[in-house]
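One structure, pasted below without further comment.
As written, the chains take the letters A, B, C and D, and residue 1 is the first residue of each chain.
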Amino acid sequence: MQDRYNDIRALTLALAGPLSDADATVQSMDDASPAKWHLAHTSWFFETFILRDMVADYQAFDPAFHFLFNSYYEAEGPRHARPRRGMLTRPSLDTVRAYRAHVDAAMDAVFPALDTASRSLVELGLNHEQQHQELLLTDILHLLAQSPLHPALWPAEPQAIAEASPIDWIVGPVGQVEIGHAGAGFAFDCEGPRHAVLLTPYALASRSVTNAEWAAFIADGGYDEPRHWLADGWAWVQAEAIGAPLYWQEDADGSWQQFGLDGLRPLDPHAPVCHISFFEADAYASWAGARLPTEMEWEAIAAHFDADGGCQLDDAGPVRPRADAAGHLFGNVWQWTGSAYRPYPGFKPASGAVGEYNGKFMSGQFVLRGGSCATPRGSVRASYRNFFYPHQRWQFTGLRLAKDL
Amino acid sequence: MQDRYNDIRALTLALAGPLSDADATVQSMDDASPAKWHLAHTSWFFETFILRDMVADYQAFDPAFHFLFNSYYEAEGPRHARPRRGMLTRPSLDTVRAYRAHVDAAMDAVFPALDTASRSLVELGLNHEQQHQELLLTDILHLLAQSPLHPALWPAEPQAIAEASPIDWIVGPVGQVEIGHAGAGFAFDCEGPRHAVLLTPYALASRSVTNAEWAAFIADGGYDEPRHWLADGWAWVQAEAIGAPLYWQEDADGSWQQFGLDGLRPLDPHAPVCHISFFEADAYASWAGARLPTEMEWEAIAAHFDADGGCQLDDAGPVRPRADAAGHLFGNVWQWTGSAYRPYPGFKPASGAVGEYNGKFMSGQFVLRGGSCATPRGSVRASYRNFFYPHQRWQFTGLRLAKDL
Amino acid sequence: MQDRYNDIRALTLALAGPLSDADATVQSMDDASPAKWHLAHTSWFFETFILRDMVADYQAFDPAFHFLFNSYYEAEGPRHARPRRGMLTRPSLDTVRAYRAHVDAAMDAVFPALDTASRSLVELGLNHEQQHQELLLTDILHLLAQSPLHPALWPAEPQAIAEASPIDWIVGPVGQVEIGHAGAGFAFDCEGPRHAVLLTPYALASRSVTNAEWAAFIADGGYDEPRHWLADGWAWVQAEAIGAPLYWQEDADGSWQQFGLDGLRPLDPHAPVCHISFFEADAYASWAGARLPTEMEWEAIAAHFDADGGCQLDDAGPVRPRADAAGHLFGNVWQWTGSAYRPYPGFKPASGAVGEYNGKFMSGQFVLRGGSCATPRGSVRASYRNFFYPHQRWQFTGLRLAKDL
Amino acid sequence: MQDRYNDIRALTLALAGPLSDADATVQSMDDASPAKWHLAHTSWFFETFILRDMVADYQAFDPAFHFLFNSYYEAEGPRHARPRRGMLTRPSLDTVRAYRAHVDAAMDAVFPALDTASRSLVELGLNHEQQHQELLLTDILHLLAQSPLHPALWPAEPQAIAEASPIDWIVGPVGQVEIGHAGAGFAFDCEGPRHAVLLTPYALASRSVTNAEWAAFIADGGYDEPRHWLADGWAWVQAEAIGAPLYWQEDADGSWQQFGLDGLRPLDPHAPVCHISFFEADAYASWAGARLPTEMEWEAIAAHFDADGGCQLDDAGPVRPRADAAGHLFGNVWQWTGSAYRPYPGFKPASGAVGEYNGKFMSGQFVLRGGSCATPRGSVRASYRNFFYPHQRWQFTGLRLAKDL
């Protein structure tokens, strides 16, 4: 576990490598956090839930950081207001790196002495940090997208364009099917308890919807026709003047470009569509005469596939959904499901502050499954439940169609 | 059916009986509609979906009303903006009554000639009107509550106070259970298709939570302690400075009064708590060591009870949840469930404009079950799914606890 | 004075004559008040500042009205929030009329006994009521304009169209000139003290800018060209998507109609432009190579003209600015000046609650002069200072150009 | 002039010396700009108005900067939206410094060849840059004040506390008095034309209001009593929960601290009160039984004093209003006047883009006079008119009382 700790902590730093102090400080919207904040908060997690309790004479790097870098743990007391995270020009990025080193050194010393409960909290902290690795990437992408200069974080050659395969339909298991996490490996509390659900005949598309397919939806007036949309979705489209996925830009000649961590590029027609909201995913499915899968259907199928395959995050560098990885059920883009994020039967949050990790967010959000090109490889599972509000789309989010049989 | 048409239409008018032209015109918030608008829109429904198509030379009462009184049917074209309904001082309440008479006369003439499809639309229109009867009452209550004068719409003697019974636990059926509407009677499209669900052992409280129990929650700091609350709920409590159910007023001596259609009254400790949001219901259940039932659990039990019993709306006059009717599963207060309002497996909306009735609202809302003291008797069923956003509480909404066994 | 009291009180009632209870109740925006509120507040003024103190055993019509119908007098205690005036469906219009009758009867009885100070407060109350007569008309016009039905309050034949005269320039007095109220007649406190100002050579246009001239400004791109506009004005034009005076509607063929108390009418090209903001007036003057007069320049000239001439309010009925009255310096449309509303040298507000009448509004507003077609004849003077915020335009506001010589 | 150019440009850089890339990038509110933006925009001014036109083959440092760093010159085309200036993490602070060097080198080369018109634009650019030096300080102070860590930009020893002198009254000249700029030196266009005004007997306090005096206003309930306040001011106090000057913090024991560029310090009772709005200044004057001076009164007196005296900005380092400099009419804190910022008689803005410098801001703002401790010495004059909205208070703003004689 100590090696894994070191690897994961190192990857976080590497992801922030090309960032300037300013890049790492600015908050581009209330939903996003500064990169510096991600770097600090993930360290705060180990400091607060391991070092503070396990190391007798642990000296906090800076006592003010307990207030500054608490995210949302009410049980840990008041905290710096979320929408004001971008006001913290100090501590600097270098100081935050020093904070990480301080925590890592203390963790290094304490590792041999950790009891089972603590090791379980470290495991939670590592999975937590992997979640923040993806958030760091999505938040920095959102920030860079605010600049009219279209700066590339990792300039890169365009990928060779692969053809998208035609859609096949994967037929899922029916009747009483067990879903939810079971077994020895790590899972978040909201992935259980494992329980049986009843499934009726259905199939899941063999790949995600592509950019070219989405462009056809646009060309067919998909964003102008209320009958495809949920009422809240239609109100959102009207209020925000939405007409394309986030980060798409239309040129004067009607062709599309897409902004990413490697800058502005011509849209790859065969790559999975990305940065769409639940509302858009649902409207597309309606337009296409299909529907979104439920999270139970998705998991019932996914349990039979390799979660480590496909396009996922391995090391620092540009990430983009790739057409040539579209055949995998995992990776590339998170897949919106039609399931509201609610507790499984018998769900009980953990006691203490870490009980606030998942349970208190179970209203108003929808479940996404499968991970994305920005999800650290090894951190996603068939039972993994990601969740966002139906209008949010700055994550690497796409969709895969489903249908009744 | 024609008698039922006449009875229902007459009740709507009777409910609006004590309203002045001004009472019937003002819109007290975006979520509410003026009483005059309810009176007109329910007539618009019959005019648009029956008379326009079934009566060869039907003369609209006023062609402008098609625009003014469309609620949200995109397929019926543009409409007067919802938050501006209160700007329509004209037509007057008397003119709207004349509009109703015009539509009723035309309906009276066409009834014998209606084919099955049309009769089915009339049935939908009647159930629609019954929904608006309840909305008319909740909206006028909200309006009157804005006045510092606390006007009583129907002054009335206080009810004799009945003792609340102790809570028993109703054990529900488990395993594969069928829910959803089936059979000959009317139901809204979202109540089907009937399908099997898997239920694990659970029980439902024999009565709703009372005002006295809620006052204990307040006295115990229920509104001040984030750990009881969903994160969105806690943000709502903070932003809106919520500290009690809607329409509760605290006197200088710490006692509570409650505003209702019969004016301001001392709080009845034994009556069901009413006018609470989903967020409040969920927090209370968490504080009480219980949980909300799922809508499937609720229905599996309710299918065995008489839906016409309890305190429901029979005629014009003051409505209040009553302690002496608390033993019924139906009526008194709508019961928040823990289920997000989403389609049942295989759900397809009806084609045409009426297909917009339910399906497009299936995001962000939670299901309520059972009807209230303001629900017209005969219009609620075990399979009936009401739905509101988790912060809304101007309906007659309460809760009934559930627990795992 | 008693006759004048009766006449003015009667005119207020007559102006509200065609209003339904609903018309008189709804508040169409925060800046406007319901007609019922105007009727009640003007009575509140006499009740509070005369009857309460002068009549030993005066019985208030309803003690709650002291709270409900206080406008902004902090010294009179808390009051119903201004933006919630439209929530008061009760008291009804009839009850408010009874309130007026109650106050009038008490005033009738007390008139002979009034001392000088009280008669001076009555005089203030009458001028106050005349101000509210104009506000009642502008507020009801704003309300009716919200309806897609374009209801006419006073249906009327179109006026014969008179030609607008060419603009002459009235040369004003220069050097040390006295302005501000002096002498025996009534004036508001802000009209004094009379004092000398220094004026350099200037001239004032002999008539207001016409609708035809304004249409030329629009056709020349006046609303699209930032260089004509003050920065705050340009921001307002952009944020509110302003492209024409309030109540102008463009037909499909590009012709203009104008909504008024007599309904929707083709725009009269020769009538004074009306319902423009200070920002628009200033931009027009800039486009026209002229400027707005200062309030001192305007008054220095106006002191030589008859304040009772021109188109002003005489009795209940439709009011519109008229081309045939454009030769008068008073009436038709209020004229925006370039002067911020600030105190004259030596200004001291009156003591007590009525000291809040004018002085506390002396920031952020601009002075208008001359009265309008909705100003009761006899209530305007050369020294009269009206004031509104630079973006407001629901009053009968226009402009008259000035230039340096 | 070339030396002065070099000195002023060097001071700007020096002021930004202690800033990190992050400090220089974040925008703490819409009214403020990032330090980096000030550094770039002042260079943009010379590039746009001198180099682009005067240097035949001038190569812009980066063509994108013309869009990025235009402030509000509509005639120079579209620009990056003001509230989004803080999104520009790139270019970095170092790149902006290189931009400055590029412009300075080009200016150095072109200086000998400048004609009179260009030299006049350079003079404007230098005064413009001096204004931005003060803004840079006030904006960075506002940013640092957002941090719960209270970082000091220039840690410094507290000043020795000097006693405030008692107030004397300076009697001003009366009758026809000339104000406005005249003569050879530089002035902004809004400072002229010079013209005569009429003044009646008045006096101006010999020093500004002190912190101790302001604390007495607070202790006397100054912020709780509406009768001291303009109506807009009272609304602002209520809406924003204002109870003390900006940057004052009350300790648990009731003592005050004040945040400044040298960090958090106990309030100096004898120093001038600073960071107050016009609304606060006006309310204080009302409470004190005095009034604010008009800008004409202030200038008529100030013309007889040395504008270079007092506490003003000489070099990079902490700035605070100082008790020992309170005897000077200039420096320490800007003094709110009671005059709305409007054009002088005969004012015409310059033609071209620089005509947008002052004239278009002449609505809604109030004039301040005299400069502050953050105003570069040598850049303020008796005729200098600064202007801000009445609620703004992040500048070094205070007040000096006046009274009628």
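Here is the rule we go by: contacts are C-beta pairs under 8 Å (C-beta built on N, C-alpha and C of every residue); 3 or more make two chains touch, one makes a residue touch a chain.
The structure displayed is predicted, hence computed values, not measured ones.
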**Prompt:** For subunit A, which other chain has the most distant CA centre?
**Reply:** C
**Prompt:** Any idea what the CA-fit rotation angle from subunit A to subunit B is, to the nearest 5 degrees?
**Reply:** 180
**Prompt:** Looking at subunit B with subunit C, do both copies bring the same residues to the contact (over half shared) or different ones?
**Reply:** same
**Asked** If you average the Cα atoms of subunit C and of subunit D to get two centres, how far apart are those centres in Å?
**Response** 37
**Fill in**
Whole-angstrom distance, CA centroid of subunit A to CA centroid of subunit C, is 58
**Asked** Counting in whole Å, what is the centre-to-centre distance of subunit B and subunit C, each centre being its mean C-alpha position?
**Response** 46
**Set of all touching chain pairs, with the criterion as stated earlier** = A-B, A-D, B-C, C-D
**Prompt:** Inside the complex, what are the residues of subunit B that reach subunit A?
**Reply:** 72, 74-75, 176, 195-198, 200, 226-227, 229-234, 278-279, 282, 338-340, 342-343, 345-346, 356, 360-364, 366, 390, 404
**Request:** Please name which positions on subunit C make contact with subunit B in the complex.
**Result:** 20-26, 28, 64, 67-68, 80, 84, 86-90, 92-93, 143-144, 146-149, 151
